[in-house]
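So, here come the structures, one by one.
Each of the two complexes below includes chain A, the first together with chain B, the second together with chain C.
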Partner chain A sequence: MSAPSLTPSKTGNSLEVQPRSARPGPQGGRLARSLRRNLTAHGFLVGAVVCFALFSWYPMVREFLLAFQKTEDGTVSWVGLDNLVTVFNDPAFWQAWRNTLMFTLLALVLGFAVPFVVAVTINEFRHGKGYLRMLVYLPVMLPPVASVLLFKYLYDPGYGLLNEVFDAFGLPAQQWLQDPDVSLLAVVVASTWMNMGGATLIYLAALQGIPGELYEAAELDGAGLLRKIWHVTIPQTRLILSLMLLMQVIATMQVFVEPFLLTGGAGPEGSTTTVVYLIYQYAFSFNNYGAAAALGLLLLVLLAGFSAAYVKLSRAEDE
Partner chain B sequence: MSTRTLISPAQLARPRGKLVYWIVFAVIVGGFTLVFLGPLYWLVSSGFKNPQEVIQTPPTLVPGSFEPANYTRAWEVMDLAKLLFNTLYYAFGALAFQLVLDVAAAYSLSKLRPVFGKAVLGMMLATLMIPATVLVVPQYLTVLDVPVVERNLLNSPWAIWLPSVTNAFNIFLLKRFFDSIPGELLDAASIDGASPMRTLRSIVLPISRPILGVVSIFAVVGVWKDFLWPMLTLPDPAKQTLNVGIYSLSNGVPVNVLIAALTIASIPTLLIFLIFQRNIMSGLTAGGLKG
Partner chain C sequence: MTLVSALTLTALAACGTSSSKDDDPGSGSQGSGNSDPAAPLDPKTKVTISIDCMPPTAKAAELKEWKEDVAAFNKTYPNVTIQGRSTAGQCLEPPRFTAMLKAKSQPDVFYTYFTDLPQVLDNDGAQDITAFVNDKSVPLLKDIDPNVLNSLKRDGKLYGLPTSNYTMGLLVNRKLFQQAGLNPDTPPRTWEEVRAAAKKIAGLGNGIAGFGEYSATNQGGWHFTAQMYSVGGDIVDPSGKKAAFNTDLGKQVLKNLHAMRWEDDSMGKTQLLKWGDLQKMVTTDKLGMYLAAPDDIPYMVQQLGAKYENFGMGPIPGEKNTLAGGNNYMIKKGISADKVKAAVAWLNFKNLSVGKGQFDWARTKADNLPVGIPQPNFWLNESKKTDDAARVKDATMPVANFKTFMDNPVQGKAEPPKAQEIYKILDNVMSGVLTNKDADVDKLLATAESQVNQILGG
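Up next, the complex of A and B:
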């Protein structure tokens, strides 16, 4: 830390200002001053640190401990890997992972590709950009209960609007949330509608940063529309695309609210049971915090790789 | 004045280019309006239908019946005034805590730079690496019995406020903004005898208005949209948030009343969005990526 050597600024301070380190403090001693400065600094920090300690750091440690513990009648005992064994032997375990991965995959096809195509298209428009930007972001602002229950109404097999629209196009009516074959897709569609606004706006901002000369140069080389996208648009937005991809994997692997509200969580024949729903069930339906923590730990380990890659990439972007 | 994009202006100026442009434009604008405003229209209009019409097949695009009383019934039956008040209380309380504690922390980490400051920041940012849903269970257990003070925060607004402070992303955004404030400015103040608190109040905060706006909006919207955490920590029906309260009553009321309630619940955040659109969008693109 370098001592600032400033000449007095425009203020009418006539005192001769010396570098801070050379100026005798009121209590003298360098040490005393540094101590005081640190006390003040920590004073500003302490509130947030206490909150982090109680509600972030302590729970993080506890998550690891809980996974290897068992609580019975208020007494805590170490059970080694028993919780993990319980979790692995649960018939819902593999189904939950399968559903979660399937959900992530579908959500990526819809929620990753669609916003990008939409952003590239909107970016070409000379009119109405603001309106379109507002439209895609509108659902993001709705309380999730409102959007999800609205979708439940639209999906209703009896009086839902969606089947009516299908009917108008000569398509067969679906039992959207009652049929195990389509329920997951129905959840993904609702979730994409609710969440795609954020990604679209971020892509739009990234697209605006592409220097126009690159497109001109590509045209001089005779590149058509698709080749311009492939050789200019995508490489120029690659970093943001990868960041968003990682962020979406991390977010969708933790999906809970949408299936919980749409199908009650498990869904028909467990077709929308996700890993986080299973954690929720262990903890809050069966009071088995050990199993919940063990499953949480598995999810954490799996997502840690994605998080690490994300941090690394976002550092790169900062430079 | 627009910057050069994918399609060349020359291409767009040709008759064929113009035609294609307008066709694509019309399809997208029409499609988007349908996809994004359509459901909202459905929400508001179904809220006006009578009990028979709302579950009638085929549904009516324009309500044949008009019952604004659904909205007043929803307001009364679901006690929306109370739910709305609770949610506002939690959201603005959380905002106050975040503004005071997170701003102070970011200021300290950025400008006062205490010993171990880097380590503290590192530990705060490390929490971003942990999937939030994984921490819900141990956090819930912590709320049931907060260590040291040995208090149970269940059904207390503190269960929302205090954990909301642990928003490492906000601290990161604020710190990055404070980092960009020239040190000379603050040194000048300190030479003039301003205390760190005074410097924060009269120099740092006025400069930081844009970022404070962004952080505030996301703080309020965050509490407004949260579902799982308030459902777990505020089980008492008298303490619930809009999201949780409407969800827990959703099976007991007629469809048209429920839909009217959903419409009412959507209005506040939609208003926030329409008013602060600019700030929200700039916040998204400024900080939305970095974690």
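Up next, the complex of A and C:
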């Protein structure tokens, strides 16, 4: 396909677009007309396209290339699948995936369900909705690092508030983040508290869009609260619930900040090592950008696969 | 937000990973100097060099000294322009440093840790300066500890000039020692003594820990290595291909830590600690002792408000070997020979001249900066005598508190190969014994051994 060339027209107030070779055929003419018609719009797009190209698409291409390259003694060489083999052979590889999947699962149970329940509850209040909305959203306004450090103090086995409360009720002190069996759950709880405000507001907006007649009709049919939620609320918010589920999975699979700050990344006996923390370690602790890119690629493939499967399933259901 | 980390790192790396072969030191020379690399810089040569880790404005006294040194240097070399770059906070942060090397955006003269050499060379980042460094360009070269210089060599080629060195010892909180009825002038010299002293200090109550250790962010592995060295053990065998810590010595180290944490309850309940945590604890009199290099002390005084009088140091308990390391400047590969000569001349003046630059202790004292910390101290022979005497003469702290450390030097030992990757694995061993009362030491070591063997074999 010949590349169109942009040349100033004689009038100077528009650009003539013509293929380099050959006269414009019917198709080329349509393209030229279309481009001419939308020239201003295209002009506005240039900035965004350049930014995306430079800061999103090019790094993605570079990441793909890096995953198959190695830099040693200043020489960049193609190493085929060596980086993937290195990543697969890393003793922390499977542990990181196990932890990440477990984190995602726990985050869905807590982080997906809790905001929905909270939104439904707030929606049931006749007064003070605005005040409650603000309360729920407040943690989102805190800087993430401050929130995480707050939880670090709460969880501290020496002087932490949680153990003080346990002590007041005569319960034994817990290790929380320092217990390999509990640390991941503790991180999920902190993460849910930090992030649930945004999801709750979105659910609330969706809930408020449900026509009141539907609830009235359900009430007339004798439905209680749970049946109203099951037969009215959930079907009516299905679209937004689906979208939030997809976004939540994509976000939680990339968890990094919370374990990095709460447990130093790896946690007791590696119990909070996540895939993105491992990527960070490869790149910035071990100077192995190839392995970091290879693992990043694996995560990308997994998430893209998940998203595609999810979209396909949703469409199939709709049909 | 897809793959934030991976993409960020690639964005950082994107600027340049291609191989550079512009490595002839003589190429691109813009000056008028002698083309013989062994000849020192001709003062008539007009050249500009950029250099990082100039003190930031927040460190007013250090910045003043830097400027004074540049002015003094320019009296001899009026045509050399030193372009200093400063960074607020920690000058060398490994993640940023790694990205800088990938992007080849390091200045002409750049600051590194001794352990960064393999990484720098893999990225083709440093100039071989062997031919440029001799007794004319660095007159006190013969008095620099060869162990320190060897840390900056590969295959006999020199890639950097030291600014400081350290060996690890036992840092003690003198106030807590006294309160616990211990003599702070005679810090524990064996691990049995450490355990006994830690128990007494923890007995003071009020959440005070007797002994502290790291167990996160690869620093647990770093300190496990230090403890192994201290009892005569090793992390990797001489072939560099096999782990060497799953031994009786390794078990002894871990069992001692486990006993202090769980039987004596002398290490505090909060674990997964990393660099910065122990320093805060000891500054606030919540910690009796921990393994540290002497340069922790000025950090705690200047940044955390501690007092010099409150600290003392002894050699690392066990005293078989001690982890050694340090910092240095390297010179960017591919810059002109004149720039390399100017860089060597500046580094010699600033960092390698007794009585000048960083070793001008009288000025350091006058600027209210600390004098009397035992390290950096990479001098030998006459240079050492002169420098030691000047430190004592201008000391701003009770140097007697470091006497046990100074009088009992322990043989320094470098970090193992693939240090960070091994430390990541050994973090699990440290966090295992410090967070799990029922930790199985044998299993932890065996698992770590097979994992490290995998890393070393790969």
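One rule holds for everything that comes next: the second predicted complex is superposed on the first by the 254 of 319 C-alpha atoms of A that agree within 3 Å, B and C clash if a C-alpha of one lies under 4 Å from a C-alpha of the other, contacts with A are read in each partner's own complex, and residues count from 1 in each chain.
Here, contacts are C-beta pairs under 8 Å (C-beta built on N, C-alpha and C of every residue); 3 or more make two chains touch, one makes a residue touch a chain.
Since we're looking at a predicted model, the values are computed, not measured.
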Which of chain B and chain C A:254 touches, first, second, both or neither: both
Contacts of A:76 with chain B and chain C, given as first, second, both or neither: second
Which partner, chain B or chain C, touches more chain A residues: B
Which of chain B and chain C A:157 touches, first, second, both or neither: second
First (chain B), second (chain C), both or neither touched by A:281: second
Touching partner for A:267 - first (chain B), second (chain C), both, neither: second
Partner chain in contact with A:300 - chain B first, chain C second, else both or neither: both
Touched partner set for A:289, first chain B, second chain C, both or neither: both
Partner chain(s) touched by A:94 [first = chain B, second = chain C, both, neither]: neither
Partner chain in contact with A:66 - chain B first, chain C second, else both or neither: both
Shared chain A surface residues [contacts with chain B and with chain C]: 55-56, 58-60, 62-63, 66, 158-159, 250, 254, 256, 276, 279-280, 283-284, 289, 292-293, 296-297, 299-300, 303
Of all residues in chain B, those that touch chain A in their complex: 2-8, 12, 21, 24-25, 28-29, 32-33, 35-37, 39-40, 42-43, 46, 54-59, 100-102, 104-105, 107-109, 112-115, 117, 120, 123-124, 127-142, 146-148, 162-163, 165-166, 168, 171, 183-184, 187-188, 191-192, 195-196, 221, 224-225, 227-228, 232, 242-244, 246-247, 250, 255, 258-259, 262-263, 265-266, 269-270, 272-273, 277, 280-281, 284-285, 288-291
Residues of chain A defined as touching chain B within the complex: 1, 4, 6, 8-9, 11, 13, 17, 20, 37-38, 40-45, 47-49, 51-52, 54-60, 62-63, 66, 120-128, 131-139, 141-147, 149-151, 153-154, 158-159, 161, 164, 167, 193, 198, 201-202, 204-205, 207-208, 210, 212-213, 215-216, 219, 225, 228-229, 232-233, 240, 243-244, 247, 250, 253-254, 256-257, 260-261, 276, 279-280, 283-284, 289, 292-293, 296-297, 299-300, 303-304, 307-308, 310-311, 314, 317-318
Chain C-touching residues of chain A, taken from the complex the two chains share: 55-56, 58-60, 62-63, 66, 69, 71-76, 86, 89-92, 156-159, 175, 177-180, 250-251, 254, 256, 263-270, 276, 279-281, 283-287, 289, 292-293, 295-297, 299-300, 303
Contact footprint of chain A on chain C as seen in their complex: 1-11, 13-14, 17-20, 23, 94-95, 98-99, 101-102, 119, 121-125, 207, 215-218, 268-272, 274, 333, 418, 420-421, 424-425, 427-428, 431-432, 434-436, 444, 450-451, 454-455, 458
